[in-house]
Structures are given as C-alpha cells and as structure tokens.
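Presented below are the structures under discussion, each in the form of structure tokens.
Same chain, two partners: chain A is paired with chain B first, then with chain C.
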Partner chain A sequence: MGDFFKSRLFFVSLAVVIIASTLPLYVSGYVLGLLTVAYYFGVFAMSWDLLFGFAGEVNFGPTFLIGVGAYTAGILNNQYGWSVYLCIVLGALAAVVAGFVLALPALRVRGPYFGLTTLVAVLMLQNFIVVFADLTGGEIGLTIPDVISIDAGVNYWIALGFMTISAIILYGLSQSPIGLVLQASGQDPIQAGALGFNIVKHKLAAFVVSAFFSGLSGALLVFYFGTASVGTVVDIAVGVQVIVAAVLGGRRTVLGAALGAIFLIVAGEFLRPTGELATFIVSTVALLVILFFPNGFLGAALSHGARS
Partner chain B sequence: MDATSNNPPVLEVRGLTKRFGGLTAVKQLSFDLRAGEIFGLIGPNGSGKSTAMKAIMGIERPSAGEVIFQGENVAGLPAHKIARKGFGMVFQHSRPLNRQTVLENIMVALLPDSLFMLFADKALTERAKWIANRVGLGAVMDRRPPTLPFADLRRLELAKAIARDPKVVLVDEPFAGLTLGEVGTFSELIRSFRDEGRAVLLVDHNVKSVAALVDRVLAMYLGEEIVTGRADEVMRNETVRRVYLGGAIETSARPETSFKDKVPLLQVENVSVFYGKAQALENVSIHVHQGEFVSVVGLNGAGKTTLFNTISGFLPYTGDIIRDGEKLRNVSPARIARSGIVQCPESRELFGEMSVRENLDLGGQHLTDEARDKQLAWLFELFPILKDRQGQMAQTLSGGEQQMLAIGRALMMQPKILILDEPTLGLAPVILEQLSKALERLRQTTPITVLLGEQNVTFALPHADRVYVLEHARIVWEGDPGRFAAEAGEGYL
Partner chain C sequence: MLAFQILIDGFAISALYALGATGFTLIFGVSGVLNLSHGAIMVLAAVAAWAAASVLHVDTYTGALIGVAVALVAAFATYFAVVQPIQKSTRIPNEEKEIFVLTGTLLWGIMIQELIAYFFTNNAKTVLPIIEGVIDILGVRTPRNEIFTAVVCCLVIALLWLMVNRTRTGKAVLAASMNPRGVTLLGLELGSIYVVVWAIYGILAGIAGVLLGMFLGVSSYSVGPLTASAFSIVVLGGLGSVSGSLIAAFVVGYLETLTAYLISPAYRTIPALLLLVAVMYVRPQGLLGRR
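Let's look at the complex of A and B:
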C-alpha cells in the first residue's frame, strides 16, 4: 500500500484528477453535464469490479442496487420533501439493506446461479416500479422536486469529488488485506476456506460495500437529473453498460472501471451525430477490446508497464 | 517413534464415513495421529483416501463419525473453523494469486479472518519472510508465481499450509509432478515438520513412494481400511499385495509377431506434453497393431490420461501421433473420434439426465437405423444389464452399470481403436469380473483394437498382448504381460 504513493499509477491519477477539476473554467456546460453523468457511472463500474474482479462473483444486476438507492432517495424527497442530503444517505442505506437481503441467500448458491439471482432481482425491481406507479412514477418516471444545485460547474465538482473519494476507498480496499482475502476466495474458494477464511462473510462484505457505493451514486444521479426513471437507473441495458465499462477498463483494477465508464458515455455522446449507429460503434469497440485485450485498458497498460 | 507413541493422540478419527448419494466413499475409518508423527493414508485411485482427508479438514461434511482434535470433536464444522483450530492443508493443485508476489501470497495465509484488517502488520511481513526462507523460497519471495518453476509453486503451497503454525498438517500427494531430486528435498521438508512436533497426514497412491518418509501407514481399498502398520509390514500384507498386484495372474498374450500389419495401426512417437510448467509426458513412444490389446499401466498421476487425451486430440504436444501412416496433428478431436479412435474416459462423462438408451443412441447417432439396431442388439448381448435398464436415467445407475454404459456408448460408435481409461476405477470385484468377460469377448469375436489404461494390474494384464509401464511421465518398461510381475511388479506396491 505504501508503495502506491510512489508508483506511477498514483502520479498519473493525481494529475488526471487535478486537470479534471479545472475543466469547468474553460469547457462548456454541455461537456460538464456529460462528464458529470460519466463520473457517476464510473462509481457504478468501480463498485461492480470490486465484486467481479476481487470476489469473483458476477453480479448481473448492478442496477438493482443502483435503482434501489436512486428510487428510495427520489421517493422520499417526492413524498415527504425531506432534505436532499438526508434522502441521499437513506438511499445508500436502502441499497445496502437490499444488497444484504439479496446476497445472503444468493451467495449460498454456486456458480452461475448467483448471477441469475441478481438478474431476477433487477426484473423484480423494474416490475415493482411499474406496478406501484402512484408511488414511483411508473414508466413515465418520478419527478424530483429538489436538486443539489443548478450550477453545472458545482454539479460537476460534486461528481468528480465523489468519484475520486469512492475510487480512493474502493481501490484502497482492493489493495488491503481484505482485498487479498477476497481475491483468494474468488480464485480458489476451497483453499481459501482451508486457510481459515470465512468466504461467505468476506463476499457478503464486498457485496455490501458495492451496494453502498452503487446506491449512493444512484441517489446522487437522480438529484442531478431531477428525475428517476427505469430507463436511466434500473433497466437491464444500463446494467450491461456498467458491466461492459468495468470489463473494458480492466478487471481487478478498480480504477480502470471508471475509465471504461467515462469512455463509454463520452464516446456514445460524441458519436451521437451518427444517430442509431452510435450504440453499434461503441459496442463494437467494446467487443474488440474484450476479445483482444481481455485485461482491459488499464490492465493492458499496467502489464505493459510491468514488462518494460 | 516409541517416544511419541506414549503421548495422547492429537487427532483421533473414529468411524469416519462419507456417502455421496448411494456411493459410500469412506466407510467407518478410524485411526490416531500423534504429534511428531508422519502417518500415510494409502490406497489406489478411487479408494476414498482423498475424500477422507477432505472430510477431516471439513471441505466435505462427514456423513457420520467423529474427528477429535485435542479432545474436541470438530467433525461437521466448516473448513475455515477447522483451519483456525490448528489445521493446515497442502493442496496438490495450486492456484496462487498471480498479481501478488510470493511473499504477499504467504501473507494472505497469515491474515486473520476479519473484515477490519485494513493494513497489514509489520510483524506479519517478518513472519512471512521467515516462512519463505523456511521452505526454501527466500531467493524468490519478491517474484510473482507465474515466473516460478513448478517445484517452487509446490513450496509455496507448503508455506501457506504451515503459515499459522498448525498442529496437524494434511498433505495431498506430496510428490506429484516432482522430479526425483525434488522428491528428496520435499521429503526433508516434511520430515522437518514432524521434528517440530507437528502431526503430518500424507495421502498417496502407493506405499513405496512414501515408505521412507512415513512412520505408519493405513492402506485403504474401496473406502475401507485394509491394514495399518509400519510401511514394510503393510507392503508385506497379503491383502495389500492382492489389491495392488492381484493374485496369480493368468495371461494369454498373443506374440507381437502374430499381428500382420507391418506398420502398426497407431504410432505415438516421442510425444511430450506440458501443463504449464509441469511435464506430463516426456518423450513417450508406443505403438499398437491392428487387433492388438495393449495395456498402459501406471499409478495415478503417471500420465495415462494425458497420453490418451493427447491421442484423442485434446492437448497440444510435440512429437508425432500417426495412424495408418498419417499424422494426426491438427485434426480436431471430433474428427479423430469419428474416424474410429474412440475414448471411453476415466470420468465416464455420461449424460446423467438422459436415459441409458438415449446415451447409447447418441453414440450410434451417425449409423443408419438398421445398422444402429444391429449394433444395439450386439451390445445388449455383451452387456445384458443395459437392456433391462434402457429407460433409466444414467445418473441413477450403479457405478458398475455406469461404466458398462460408458463402454457401451463408445462401442456404439463402432470404433476401430477403443481407448479405455481406468475402467475399473472404484468398482467392486464382482463388476470387474463382468467387465473382464466382456473384454475377453471383444478380443475373441471382433477385430477391434484396444488401448487400456489401468493402475489395477490384475485387470490389465490378463487382457493384454503387450504392456507398457508409464511412470513419472515416461515409459519405463515394455513387454509381455507374463514377464511383468518379475521385471516391473516390484515398483508397484
């Protein structure tokens, strides 16, 4: 861990964050808005990588955690008019509780069944939102009276700050002894058990941490948008985008996941003039990277650096 | 040894039993393990020794029986709790963390089972370094596992197992994949564990390989204890000899000159295969004539399955595999099978949720309806039991019936060369007799060529025209089955 502060990765990350924080001084509100969303997605992807890259569990339903956080925060604000910050905190806690309730039984099943359970959870949440439209706004979406700020620069700084802090915590966790035990449990659960580690406990903890950051980020995102809708925070397609971002950026790197998310969102926007083709082009690039650089952007860069 | 036998045992295993569905893998196993003792659990492949070890460690939950550690019954606890009580296990297959250094890998084993350990202690690093030096990894502790030779990866497994100073060390096949020189070094290491007062439990296939190391041995067969005692006593035991070598073996080999083909039907020439860094086959050459029954005998881990999988096209290799004068390189496994080299794998690979008949029909899928019916009628004559079981799901068959079905499915493909990998694995003697008769019939009444891999010499020799002995990835003996006992049998106990 101490070595990290001397590593190239640290200085590069520091430089990137400093440069990013100066952007509101000279780029348009449109670009800032785009990056704000991208940064929240970056946190989604990093939280997901903690589960997949370290605990070895494929969570096909990142949007279950994101959606619970986002909608809890949104509904509380909409129904009771509680303060934005209280709603955000409660949203994150709701995601943690939901994640815990989902993971506790799901982690007892082996292999692909864990992934399937998480997938079903998303469908159930989606269904719930559509059925209880009075409360949730249903398919039209939920209007949220309050926003954090209307200033694009402030929103951008909040998102950047949030992503940076999340990155520090998630990366630190991944490099800590807990991260090592998680990796060992993901790679060889039998041996990790024989070394005296309670695998279910560790994986559950990883799931809870992942849920906390996903839910928090989801809640922040709806107070940025001013609305919550299935299409933006719950739909399976959003979950797939989170997963692709994390794999694209580099499994087991945490930080790479944020890069992948920013790439996906920004590239999708830049290609918007191509109309329907945009999604196709971004997906093709993602597919090529996954096929030819399975370690992702950061994985490839790091292993190259290690060799030279 | 005499000094230690007065101490109360560290570990008492009482009536340990493990059932998987209808199969009893370990039956009423009992033994004691004392501090400063190396105890060997020995048995042929499928005898239940590894399952017994896993049940002690808590990786498999025992169906019945007690595992008493320092007076406390730990049977039924999960592995991580048993480990924390003072057990360490050395796994045969290692999957280290490849992005971490050797030292960090050892440190993982030292960490507490806590969610609040965010920073590793300095003392942990020191302890990890000490352990690395202790097992001979001192020079490579800052390297990453993928860059290490095989023996060092095995040392890393030893290091992890002894990291938290366990009272009981379980070792699964200590010498698998090691060279002779390395076997010596590892024996020394394991002896030093004993000298530190640990109780060591080894699992291996044969007495000979661990005879110099162990204080006492328990020989198992089909899940049950045969005999316990000093290695030399166990090696002299009649039942043990019969399990490994069989009684008087009658052979009925046809001389090699009686086969008419000038160039053998199948030639394997100087084939070498690696799994990562471990060499699984080293310059292996064998040949099989048209109509010949050839047995490849060797202990578990010698390389038999690797050899067969290489012939079947599943593994990359150097050297040549030639059938009817044509090299098989770059031919897909599916085409090799279709062209008549059919393997009946050790693991049987039946379609468990399909019926017996469906399994057989899949084997004969490429035949015309008429030819398939004819083949099926012939097969039911060979294995009448399959006829009665046609509608039953394959996974509900007994072990022996499953083996017959696996062979039957292979025969439905009308093989020219049938490869049988360990057909007797875990089967009761009465089933062996039935398989034996079926093989004899194939030999007498069909032109089929058979390549049989076995560690059960009693089963392999009577059917063989010629025998190869595979040991540590190499062919060490070739000859007539009648000469086997005299020339190669000794190395086999």
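Let's look at the complex of A and C:
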C-alpha cells in the first residue's frame, strides 16, 4: 500500500477526482446527469471486478445483487415511506443477504456452472418482479416518491464521492493480503488451499463485499432516477454492460472497471445520433479491445508505463 | 383432451429445444467453447429465411435453405473472427481464455442482434411455414406445421447420431471430445475437426432457427432468452453430454408447457428455473454430466 501513494497511478487518480469534482461549476446539468449515472455504473463494474479479477469467479448476475438492493430500497420507500437514507442502507443490507444466499450454493460449483447459477438468479428475480407486480410495479416499474436531491450538482457530487470512496475501499482490499489470497485461490484453488488458506471463506467475503457495493450503488441509483424498473437495474443486458465495462477497462485493476463504465455510458450517449447503431458500435469497439488489447484500457496503460 | 394437447404441444416445443441445444452442447463437448452468440445465430437464420421469402420472393423451401446457409456462414464467422483469435492469442493467459470466449461471443451476439434490429426492425417475424393447414389428432386441432417441426427436429437429431457414431468424420469428432491430445497423436488435425464441428453447429442452429421462426416467430428480442434457454438446458443435462441435453430439453419443454396450460402462461419459465437451481445444488455436473 505504501508504494501506491508514491505511484503515478495515485497522482493521476487524485488529479482526475479533483478535476471531476469541479465539473459542476462549468458544465451543464445534462452532462452532470450523464456522469452521475456513469459513476454509479462504475461502482457496479468495480464490485464485479473484485469477484472476477481477483476471486476468478465469473458472476453473470451482477444485476441480481444490484436489483435486490435497488428494489428493496425502492419498495420500502414506496410502501412505508421510510427515509431515503434508511432505505438505502436497508437495500445494501438486503443485497448482502441475497449475495450470501446466492454464494453458498453457487460457490460449490466452478466455472460455467457458477456463471449459470448467477444467471438463473437474475432470471428468477426478473420473474419475481413481474409476478408480484402489486408490490414491485411489475414491468412498468416502481415509482419512488422521494429523491436524494433535485439539484444536479449535489447528485453529481454524491455519486462522485460514493464512487471515490468505493474505489478506495475496493482497490485497497484488492491490494491487501486478502486480495492476494483471493487472486491465488482464483488462479490455483488447490495450491492456495494446500497453503492453508480457507478459500471458501475468502471467496464468500469477496462475494459479500461485492454484493454490498452493488446493492448500495443500485439503491442510490434508483433514488437518483426516482424509479426502479427491470430495464434499468435487473435486465441481463444491464449485467452484460457491467461485465463489458470491467473487461474493457482492464480486469484485475478495479479502477479500470470504473473507467470502462464511464466510457461505455458516455460513448453510448455520444453515439445517440446514430440511433439504433449505437449499441452495435459500442459492442464492436468492446470486441476489438478484447481481441487486440485483452488487458483493457488501464491494463494497456499500466504495462506501457512499466516498460518505458 | 387437455392432456393430449399438452402432450402434443410439449413434444413439439421440446423437440425444438433439443435441436437448438444439441449444437450448443456439441461445440462445448468438443472444443470447450460456450458460444453465447447462439441465440443471435438462430434468430439470424429465421430472419434470413423471412427476408428471403418476403423481400426476394423465393418459395418457402429456398427461403428455409437460405436461412440455414446464413447460419452456417455466421457460425464460421463466429469461429474464425472471434473464437479462434482468442484461443490463439498469446496475450491472454490460458486460464482466462474461457471468460474471454464468453465475453467475446456475447458481444458478437449483441452485434448480430443490433444489425438485425437496424435492418429489419425489432418487430416479430414469422417465417411462412413449409406445410400449412391444420390436422385433427385425437380431438386436438394441431397445425401441420407443428408436426412438421417435431418430425424434422427428430430426423435431424437422428441423422446427427448416425453421423457421429457411424462415419469416420463423426468418430473423429467423438474422439476429440473424449481426448483431444489422443486424437492429435493419431495424426488427425484437431483444427479441421473444429471446423467440421462448427459447420455441424451452424447447420443445426440454422435449422432450429428457421423452424422456430415458422413455429413461434422470432424478433431481435428473442436473442437473449434463446441463448439463456440453450445454456440452461445444456447445464441441466450436463455440459458436453448430447444425450443429457436431449433429456433435459424434454424435461424443460414439458415442464414449461404444463405450467403454461395448468397454472398460467405468466409463470411459464419459473418451475424450470427452480428445477435447474435444485439440480445445480444436488448434482452440479448436471443429469448425465461427468466431471
């Protein structure tokens, strides 16, 4: 960790955060709104990267954790009118519980089987939301009476602050001894186990941390949108976007995942004039990056920096 | 009456699921690739058949053939443009190739889906059936097309079985799924076996896609659910086990039909998903999978 504060990455990140925090002074509300969503997405992608890049587990259902957090917070606010912050905390806790319940059976299996279990979890959540439409708003979506703030600048700062704090915690965790054990158990579980590390416990912890941040971010996102719907926080397409963001930014870098997410959201917006081709172009770029720069944006930048 | 209805409809659906999942499981069994662009290739075949019939005004047989041919080309494109570069890449560590293939094919599938949506809109398309009309089986009015679908699916699967077990090429494919290194030691080119498998896959996915287009209709929205259902059927049956996925296809097909008729179409997929979770918990390798 000590080296990190002297590294170039630290100063670059610090500079980026400082510049980003001054944005509300001179850019329009439209740009701020876009970046607010992108920052929450960044947290989704970073939590996913902790699980994939370090624990080596492909979670196809990041939106299960996100959705549980988002909908729990939304329903509590909608049904009981509890305060926004209480709902957000409870949403994050619900995501942790959901992550725990999902991880227990899922961690018994590996590779594609783990991926499928998490995918099925998303499909079940989606069905659940549609079936219990009275409570969840079904396919139309859930209206949430309260919002965190109506000021674009405040929302932006909350999102930026939240992303920065999450990034510090997740990055710190990934560089800590726990992160190293996770990485070892992802690459060679048998050897890591033989060295006396409790792999299941570490992976479970990674899953719970990932769930906490996903759920928290999901809950914050619905209070920003003022609505929760399957299309924005649960759909598999959203999960795919999270995965693509993390791989695009550079897996096993945590910070790169946030970069990838911001790129995806902003690029999607820039390409809006191309209409329906926007998604096509973004996926093509992502595929090319995966084929030719498998380490992603940050991975390529870091290895270049190391060489020069 | 209702029982017969469920029996017949369930059979047609299951046979179609089986055909769709067979190619998917074959690829995984032989080359360890989970092709997440599967749904996109199936939809592409159906849309090509539909476009050939409605834009080029060819007859339904030619339309269906064009659909299958397009799927074959798409399968080769998937292999040569996405899967092979990842497998051969020196910059991707071996233990991570699986996730790269998954992400790569997923993106590839999205690209195909978006192109279909761009050129042919998101609207649902129904391919004109080869055989029209309705027939009465034991008091159940059944479209002839439904019977045709079931018959073709069973025939194609039977042909595949014959090919794998009775021809030289098929036996090489089977051997490659059991022990790739052994096959290379016997002097067979593993690369050309993969090409054969992808060709078989393309034809199977094409036929399944065109039949699906005739039977239920497709739209670019069906891409995700199609991939997901093939994936779950294959995992339920045991990854790489063709007979396992056939059994799983019928279990899922009948379970969905039963739920749709007896409970409510809204709950259609839920029991199958619950079953999948239960199987994963008790027997993670699937019904007939080996570890």
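FYI, the second predicted complex is superposed on the first by the 308 of 308 C-alpha atoms of A that agree within 3 Å, B and C clash if a C-alpha of one lies under 4 Å from a C-alpha of the other, contacts with A are read in each partner's own complex, and residues count from 1 in each chain.
Following the convention adopted for this analysis, a residue touches a chain if its C-beta (ideal position, glycine included) is under 8 Å from a C-beta of that chain, and two chains touch if they have at least 3 such contacts.
Note that the structure is a prediction, hence the values are computed from the model and not measured.
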Combined model on chain A where chain B meets chain C, clash or fit: clash
Residues of chain A touched, compared between chain B and chain C (which is higher): C
Partner chain(s) touched by A:27 [first = chain B, second = chain C, both, neither]: neither
Partner chain(s) touched by A:130 [first = chain B, second = chain C, both, neither]: second
First (chain B), second (chain C), both or neither touched by A:178: first
Which superposed partner A:187 touches (first chain B, second chain C, both, neither): both
Chain B versus chain C as contact partner of A:244, first or second or both or neither: second
First (chain B), second (chain C), both or neither touched by A:147: neither
Single chain C stretch clashing with chain B - from 40-48, 112-120 or 184-192: 184-192
Residues of chain A contacting chain B in one complex and chain C in the other: 187
Sites on chain B touched by chain A in the complex: 57-59, 78-80, 83-84, 87-89, 91, 95, 97, 99-100, 104, 107-109, 111, 113, 115, 117-120, 160, 163-164
Chain A - residues contacting chain C, complex: 52, 56, 58, 105, 108-109, 111-113, 115-117, 119-120, 123-124, 127, 130-131, 187, 236-237, 240, 243-244, 247, 251, 276-277, 279-280, 283-284, 286-287, 290-291, 294-295
Interfacial residue positions of chain C with respect to chain A in the complex: 34, 82, 85-86, 89, 91-92, 95-96, 98-100, 102-104, 106-108, 110-111, 114-115, 117-118, 224, 228, 231-232, 235, 239, 266-267, 269-270, 273-274, 276-277, 280-281, 284-285
Residues on chain A engaged by chain B in the complex (per definition of touch): 1, 172-173, 176-178, 180-181, 183-184, 187-188, 190-199, 201-202, 205, 252
